[in-house]
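Paired with chain B in one complex and with chain C in the other, chain A is shared by the two complexes that follow.
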Partner chain A sequence: MLTAFARAFKTPDLRKKLLFTLGIMVVFRMGAHIPVPGVNFKAVQACVNASAKSGNGLLGLVNLFSGGALLQITVFALGIMPYITSSIILQLLTVVIPRLDALKKEGQAGQTKITQYTRYLTIALAILQATGIVATASSGALFGSVNCDTSQIVPDQSIFRIATMVITMSAGTVVIMWLGELITDRGIGNGMSILIFTSVAAGFPSSLWAIKVQKGWATFAFVIIMGLAMVALVVFVEQAQRRIPVQYAKRMIGRRAYGGTSTYIPLKVNQAGVIPVIFASSLLYIPGLIVQLSGSTAGWAQWVDSNLVKSDKPLYGGLYFLLIVFFAFFYVAISFNPEEVADNMKKYGGFIPGIRAGRPTAEYLNYVLTRITWPGSLYLGLIAMVPLVALGLFGASQNFPFGGTSILIIVGVGLETVKQIESQLQQRNYEGFLR
Partner chain B sequence: MILGFSIALIFFSVMMVVLVLLHKGKGGGLSDMFGGGMSSTGGGSAVAERNLDRITIFMGVGWFACIIILSLLLKAKNG
Partner chain C sequence: MTETVGSTATPDSGNAADEQSETLSRRDRKRANKAAGKDGKKKRGDRPNIFARVALFYRQIIAELRKVVWPSRNDLTTYTTVVVVFVVVIMALVYGLDTGFSSLAKLVFA
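Entry: the complex of A and B
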């Protein structure tokens, strides 16, 4: 294991990629600490400390994805959230709009076009969200009912100053997007997910330490052991897959024989990854956002505020769970098309032993996939529920480090990246990290 | 002074947005963001892309410098 790390750094081009990725991560974290010009840093700091004590529920998720940069109103305050949101929107729209569906089927060229649309939409969303945050920050609503001097957060409230802040924050989001693309291009792993990983991991030590300070060493040790067990469980399920055997017919092309090999289609238990959790939490975040932006105190607004904002409410928990299960099935349905796979297999002379090629194969794949997704989706829902349980047991804060979205993201991205490093290593040497 | 740097910051921000949009988008959306084991196809960047990178980095450094200078100026003014 350790020698594999040493070898990764001895290989020149792999070392270059690793250092490049680390460098970008450093730039990203640095930007997450520089406040937007026009914000009074001391006043913000005072409010952040005050709100950490009272536990502001609504912005928890967004704050998690920006690594705590959002509440501090820094240059990179929006983080990758606009990009994620716009990817989700385009992903959902491919089901609805035929033109996007056609682009998706086109393969590489169409995919590039969809990515380009995603980037345009990201900028629009970034401007929208930046305006929202700057507006709520200058009116003091960003920190909700926390008692601190909110009038001092944005001392100069002229239109020109506010506009500069909005434009700077939108540009910050675009810079993050570019940093992510640079990692994808020249570093290791997928840039966007590595940046999310960085933000989520950045909040880890402080929230762990908060548990120690509040509850003492015994609970701290218990949480660490629980956390390690959870990581092991998540790795176990993430790696789990059903291998459907496929036999290819032998054929002669010219003088050489092709095919005749037997392989398998790997169907992962959790084919959808963390996406359902992100979808569900983004959706549940919307009603609270509407209430906060409208500032309404009508009956419905109060109902939303008391039922759908804090994650320790039973209604919130139940909805969250159901949405995750639904999106797990939904995402598997749009990302894996049994008919297409069956068609491709037929074209290249492959078949599943005991099942006819063509439609019966597609039906069989669909059957197995649906059956395998049940435990997968329930597992996702349960893992996402862990912070709620922790909330009940220890009164931990909502951003409980080991659970839900954060642990799925950390383990998922970690596994993916290690696999990529490993495949690079194997080009030179067979022994890697995972055996 | 503050006005000048604010205008410079707006200029740099807009330029950053335009320059980043000029780059070719990398990565195929959500599906290979989490899970989905496809590795991205390499393909070295063209000369134009490399020059674009250089200009973008240059603008990015200017953008960062503007933010820091403007923050310091505003802090000095507001006390």
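Entry: the complex of A and C
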């Protein structure tokens, strides 16, 4: 089976794509280590080392998504979060704003326009977030209550310096966005997912090691076994499909018969994939960000700080769960349109046995989809809740490595990418990985 | 209609209705159904209460889940191994890159 990896590299076309993707990943990680001009590298390093010992609430998750680049205040500090957030916002807005909806229905040209808007919004969000981070870094609040010399992080606080830092970080985000799109175009897999996967994977080894150091080998082994079990569970559900049989009518064109085949529409139990988890966690990060930006200590700010920032609070957990369920349905509704599928089937002479073509087919697909998405969305929410359980069980640290969010991202993206490589291999009549 | 009325069996696009009103044309039947629907709303007694509907929905979910093709044990082990190997390879790669770049950064900037 593992020889398939080797075979993937022997296929010239695929090798090119794989190497391209790996190259982009190298560039991505490199940017995560180049400090922004204007920060004192030594002071930042000291603070990062100090904060690694005491978990950091709000920034924990964001730091995870940027692969540790945020706390180091590097060029790629913002990661792809702004891009993800802006694409969520635009997808939400297509439901609300008729003009965007019209653009979406326009097809290719409209889609390009929406992508363009997404990019502009990304830049705006990046500037906003960069300003926030630079402001908190220069005031020393970035590291919270960590015991280190925060006054030295940004030694020269003139307006020119601050502006340079903000511009550099925003430009870094734009570069990341470009890298992601390059992967989607010329590499393997979806660029956005691959980059977030890289960031999450970057944080894994060190947090695993932290568990070993803090709790010893027994807990470490237990965590590894539990992680493997969770990987198996996620794979199990990701692979589960409801197959809706489709029969194609036989057609005679001239003297030859076409069609007459029977296939199926695979409806996954978790049709939405990892997107709901990413959406929900990046949405929940916004209130904390607002509080941090405003720097206010009023009542509401303290309420948000105590209820919506740390993932071990019941309100946060509940909200997270509800958002995941909501986004699961939302994303399925966006990405799978029963009417369109029914229409296409009708056009090519296909039908589901026992169900009329056209509207009844669409209704039937919708019937199955809503019923199958319920367990799917609940599963997503429950998996995302696992860190809370782990927290209660043996007091694991905040950034428990097999947290639901990270494991869903890792396994989901891993599975998707491997399957894409597999299908590319099969195009050339090779046996893939997954016999 | 199929969502609230009926059994857990998959809806057969009004085939059940065919038996009752064979003589009516399709449009007529549709109208009749619509009228019946309106009446049902007014009477309210016709429609099962919320608990019954939730229970039915739940049974329908279970019925659909039974039709799901779950991966076999063999599939599951293959996919899991492949994903774990892939993730470990990428993780090792990224870890290597990170240590390299961070020592490089220390060399250059500190």
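Points to keep in mind about this one:
Basically, the second predicted complex is superposed on the first by the 430 of 435 C-alpha atoms of A that agree within 3 Å, B and C clash if a C-alpha of one lies under 4 Å from a C-alpha of the other, contacts with A are read in each partner's own complex, and residues count from 1 in each chain.
By our rule, a contact is a pair of C-beta atoms (placed from the backbone, for glycine too) under 8 Å apart; a residue touches a chain by one contact, two chains touch by 3 or more.
Keep in mind that this is a model prediction, so the values were computed, not measured.
Model built by superposing both complexes on chain A: chain B and chain C fit together without a clash.
Of the two partner chains placed by the overlay, neither chain B nor chain C lies in contact with A:220. In the superposition on chain A, A:119 contacts chain B only, with no contact to chain C. When the two complexes are overlaid on their common chain A, residue A:258 makes contact with neither chain B nor chain C. Of the two partner chains placed by the overlay, neither chain B nor chain C lies in contact with A:329. Once chain A of one complex is fitted onto chain A of the other, the partner contacts of A:29 are limited to chain C, with no touch recorded for chain B.
In the superposition on chain A, A:202 contacts chain C only, with no contact to chain B. Across the superposed structures, the minimum distance from chain B to chain C, using CA atoms, reads 6 Å.
Comparing the two interfaces of chain A, the one with chain B and the one with chain C have residues 34-35, 41 in common.
By the touch rule above, chain C contacts chain A in their complex via residues 2-3, 10-15, 57, 60-61, 64-65, 67-71, 75-76, 78-87, 89-91, 93-95, 97-98, 101-102, 104-106, 109-110. Across the complex, chain C is touched by residues 1-2, 5, 22, 25-26, 29-30, 32-35, 41-42, 45, 67-68, 197-198, 201-202, 204-205, 228, 231-232, 235-236, 239-243, 269, 354-356, 360-361, 363-364, 367-368, 371-372, 374-375, 410-411, 414-415, 417-418, 433-435 of chain A. The part of chain A that touches chain B in the complex is made up of residues 31, 34-38, 40-41, 75, 84, 87-88, 90-91, 108, 111-112, 114-116, 118-120, 123, 155-156, 160-161, 163-164, 167-168, 170-171, 174-175, 177-178, 180-181, 184-185, 190-193, 268, 270-275, 335, 409, 412-413, 416, 419-420, 423. On the side of chain B, the complex with chain A involves touching residues 6, 9-10, 12-14, 16-17, 20-21, 23-37, 39-41, 45, 56, 60, 63-64, 67-68, 70-71, 74-75, 78.
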